[in-house]
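Following this line, the structures themselves.
What follows is a pair of complexes built around subunit A, which joins subunit B in one and subunit C in the other.
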Partner chain A sequence: MDYLTRMGDGRPVRMSKEQIKADIEAGTKDAAEKAHVPELSGAEQEHLLEIITDPNRLVAVEPGREVVLTHDVGPLKVMADQSNSGVSIPCSREQAMCIYEKAFSADTAELGHIDYSFKPVKPIITQEQSVLQNVLHMTILPIFYGAMPNLGLYYAPDGPFPEPIGLIKDRKIGEAKESMENAAHRFVEDLEYITVRLYEVGLDALNIDTTGAGGDADFYASLTATEKIKKECPYLCVEMGMAGEFILGFHTELKYQGVKLAGLWPHQQASLAEKAGVDIFGPVVNTKPSLSFPLNIARAVTLVKHCVKESKIPIHVNMGMGVGGIPMYETPPVDAVTRASKAMVEIAEVDGL
Partner chain B sequence: MGDPFGMPIAHCAASGMGGIRTAGDMVARMQMLRYRLKDAKDYVAKKLETDTMALRDEFEMRRLRERLNIGTITGVPGVARGLEAKARIAEILGIRINAVERLKELVKL
Partner chain C sequence: MSSEEALKKLYDAIFAQDVEAASKAANDCVAAGLDPLKALEAASKAMTDLGNLFERGEVFLPQVVVAADAMKAAAQVLLSKLPTKPSKAGRVLIGTVEGDVHDVGKGIVSVLLDAAGFEVIDIGRDVPTKVFVEKVKELKPNIVGCSALMTVTRVGQKAVIDALAKEGIRDQVKVMVGGGATTGVWAEEIGADAWGEDGPDSVRKAKKLLGITE
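Coming up: the complex of A and B.
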């Protein structure tokens, strides 16, 4: 007998129970070896096998094990175009937020600028304050404001500092590092400016999303910004969602509170985030499109389970397309999504997604 | 990322608390104060004078939300909405909600 499952790019594939079992073992072993964390136990691997081979199209957690959901991109998923996985429903962002609350039954909702990077928000901050104020009046659920640090926007040709990867290729290592440090400092200033103004009109929480996409300088900037924001906005919740499972060392020497940032894995990232003042941490495990769903979800659950165990703050694992075991496909197959959801809750024991 | 049905709606159905259909919004507010999942559910259940299984149950929470006047998923005329409901939630849970604090300051003026 074989079972319908998926590849990491979403393609349907049929696998025998033995093949699925072998991929689960390979996935947990790979994660454990790379991040120096424990493998899933025999019982946990068996539970994962049961979830994957469940004969039903959709699966769900046992009653009483439900978790809190926070969301990235927010209204853009409803009213924007494909660049945000949006479905282009013609409506305002205020209306889209109400759809999240009332039609999706979301636990929280997130407002965001159409570009979904913080830098472009600064010159139009009054517009964002105005929309946020409307949303806060109309909704009951907690409202987050989210965007990406996206340090790339601070480099030429879009920003004021020289593009560092080109400098590295030209062996101008010192100049490249200086450019990354300047970009990080400018981002901290920008995020502080934006957040203080959103807090003034009553923002519940900030989501610094896709942190680390620009490497260790990006993570450094986000941690430093969080520390400053928590001093200026003491009643603001800060959520930090990551871009990848591993902090890429573009700069390589940046440290936060004495810890070198390049090369950190999710459980190590969560620890630093908590020290910076982050209240909810969102680890990422990247899906490998050419490998199977069983391997990817086993790998993701292994890394996240240890992160949950080590953390003192709530862990909301990233579970969108291409992360957390979810196939890298814009319309993620719901059989895989619901299986990944159940596995993260029941085996990794996350606080939320 | 991922389209609404494939990502947020699928997760909400598979493992979400249920938002304002149940008590998901309130458990979320406690997590925002760094409460881990179990502690957040225990806190909300205690304040609502119910048990944690009721927090995720549509039948129980619909009745409780109407009785406490803290907002419902369907448009019931007269039941607290938006900021009105948040003000009552802040009082019942004994927490600070930033938009409610702002309203209180404005009303004083």
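Coming up: the complex of A and C.
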């Protein structure tokens, strides 16, 4: 007998129970070796096998084991076109937030700017304050404001500092490091400016999303910004969502509270995030499109389970296209999405998705 | 100094990303009467081992770049003792396809190809298909690399391949594709010559395409 499952790019594939079992073993082993964390136990691997081979198209957790959902990309999933991961429904951002609350019964909703990077929010902050004020009047669920650090916007051609990877290629490594440090400091100033103004209007929470996309300087900037923000906005919840499973080292020497940032894995990232004052941490495990769903989800659950175990703050794992074991496909297949989500709740024991 | 000691010093110097020590160790290898090709093997092994650590996230891009400089310094000494002069491994034109502004991954591939001895021409991000074609005509690379992070922009890779075919120059250049939203199956579907899963894999595939043995 064989079972319908997926490849990491979403293609359907039929695998025998033995093949699935072998891929689960390979996935947990790969994660354990790379991140120096424990493999899933025999019982956990068996439970994952049961979830993957469940004959139903959709699977779910048992009643009482539901977890909280937070969302990224703000209202864009409703309003934006498909290339921006949306469904292109013509409506305002205020209406989109109401749809999250009243139609989706969402636990939280996130306001965001169409560019979804923090830097462009600064010159239009009064517009964002005005929309936030409207949203807060129209809804009762917790409202996040989310965007990406996207340090790339601080480098040429979009920003004032030279592009560091080009400098590294030209062996100007000192200059590259200086450029990354400058970009990080500018981002901290910008995020502080933006957040304080949104907090004044009554913002409930901030989502620093896709942290680390620009490597260790990006993570450094987000941690430093969080520390400052928590001092100025003590009642604001800060969620930090990551961009990848480990911190790329472009600068390589940056440290936060004495810990070198390059090469950190989810459990180590969460620990630093907590020290910076982050309230909810969103680890990411990248899906490998050419490998199977069983291998990818086993890898992801192994890394996230250890992150949950080591963390004292809530862990809301990133689940979506190309992360959390879910296939890299614009509209991720629902069979894989529900299986991955169930595995994260029941085996990794995450606090939220 | 024994041959083994000289080879170990060379390996260690490159592994430690010490350009000066690598050059000195290469001279020591020559003084110890070692075959320059054997010394180059030791130097290459240091780079391969560093590459493996890079794949595991234990060594990072700037370190690989400096190690490549150490390798080049050693190679300069060793190759001068050979009758034939070295040439670049090949010319690679690389860019992120139209509509896609993601270039971190493409940048990593670009640096690693350069470190592996390729001449790399990086034409940036959000590169229109016609620019890929114009640059291929003008610069005559051995390989053109098209990067795309998103499923909605990876169609730009197919557009480049189709445009090269339309211009009658598809058979003059190897096409490699890569990026977060791509797979080996996708590369095959669109008629690319190779798919690079990540930086180190892209270097391996580029070498394979040009018949360069590791």
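Please note the rule applied: the second predicted complex is superposed on the first by the 352 of 353 C-alpha atoms of A that agree within 3 Å, B and C clash if a C-alpha of one lies under 4 Å from a C-alpha of the other, contacts with A are read in each partner's own complex, and residues count from 1 in each chain.
The rule is simple: a residue touches a chain if its C-beta (ideal position, glycine included) is under 8 Å from a C-beta of that chain, and two chains touch if they have at least 3 such contacts.
All values reported here derive from a predicted model rather than from experimental measurement.
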Q. For the overlay on subunit A, clash or fit between subunit B and subunit C?
A. fit
Q: Check the residue A:149 against both partner chains and state whether it touches subunit B (first), subunit C (second), both, or neither.
A: neither
Q.
With both complexes superposed on chain A, which partner does A:320 reach: first (subunit B), second (subunit C), both or neither?
A. first
Q | Contacts of A:61 with subunit B and subunit C, given as first, second, both or neither | A | first
Q.
Just checking: does A:9 make contact with subunit B only, subunit C only, both, or neither of them? Give me first, second, both or neither.
A. second
Q) On subunit A, which partner's contacts cover more residues, subunit B's or subunit C's? A) B
Q: Scan A:137 for contacts with subunit B and subunit C and give back first, second, both or neither.
A: first
Q.
If we overlay the two complexes on their shared chain A, which of subunit B and subunit C does A:330 touch? Say first, second, both or neither.
A. both
(Q) Per the contact definition in the header, classify A:282: touching subunit B only (first), subunit C only (second), both, or neither. (A) neither
Q) Touching A:246, do we find subunit B (first), subunit C (second), both, or neither? A) second
Q.
Is A:199 touching anything from subunit B or subunit C once the two structures are fitted on A? First, second, both or neither.
A. first
Q | Centroid geometry (CA): angle subunit B/subunit A/subunit C, rounded to a multiple of 10 degrees | A | 170
Q | Gap in Å between nearest CA atoms once subunit C and subunit B share a frame through chain A | A | 11
Q: State which residues of subunit A lie in both footprints, the one left by subunit B and the one left by subunit C.
A: 321-322, 329-330
(Q) Residue numbers of subunit A touching subunit B in their complex, please. (A) 58-61, 63-73, 77-78, 84-85, 87, 100-102, 104-108, 136-142, 199, 201-205, 235-237, 279-280, 312-314, 319-322, 326, 329-334, 337-338, 341-342, 344-345, 350-353
(Q) Using the touch definition from the top, list the residues of subunit C that touch subunit A in their complex. (A) 56-58, 60-63, 65-66, 69, 99, 101, 103-104, 107-108, 110-111, 114, 120, 122, 150-153, 180-186, 197
Q | Partner subunit C, residues of subunit A touching it in the complex | A | 7-9, 11, 34, 82-83, 152, 165-166, 168-169, 171, 173, 176, 213-215, 246, 248-252, 262-263, 286, 288-290, 321-322, 328-330
**Q.** Sites on subunit B touched by subunit A in the complex
**A.** 1-21, 24-25, 27-29, 31-37, 40, 52-53, 56, 70-71, 73, 81-83, 85-86, 89, 96-102
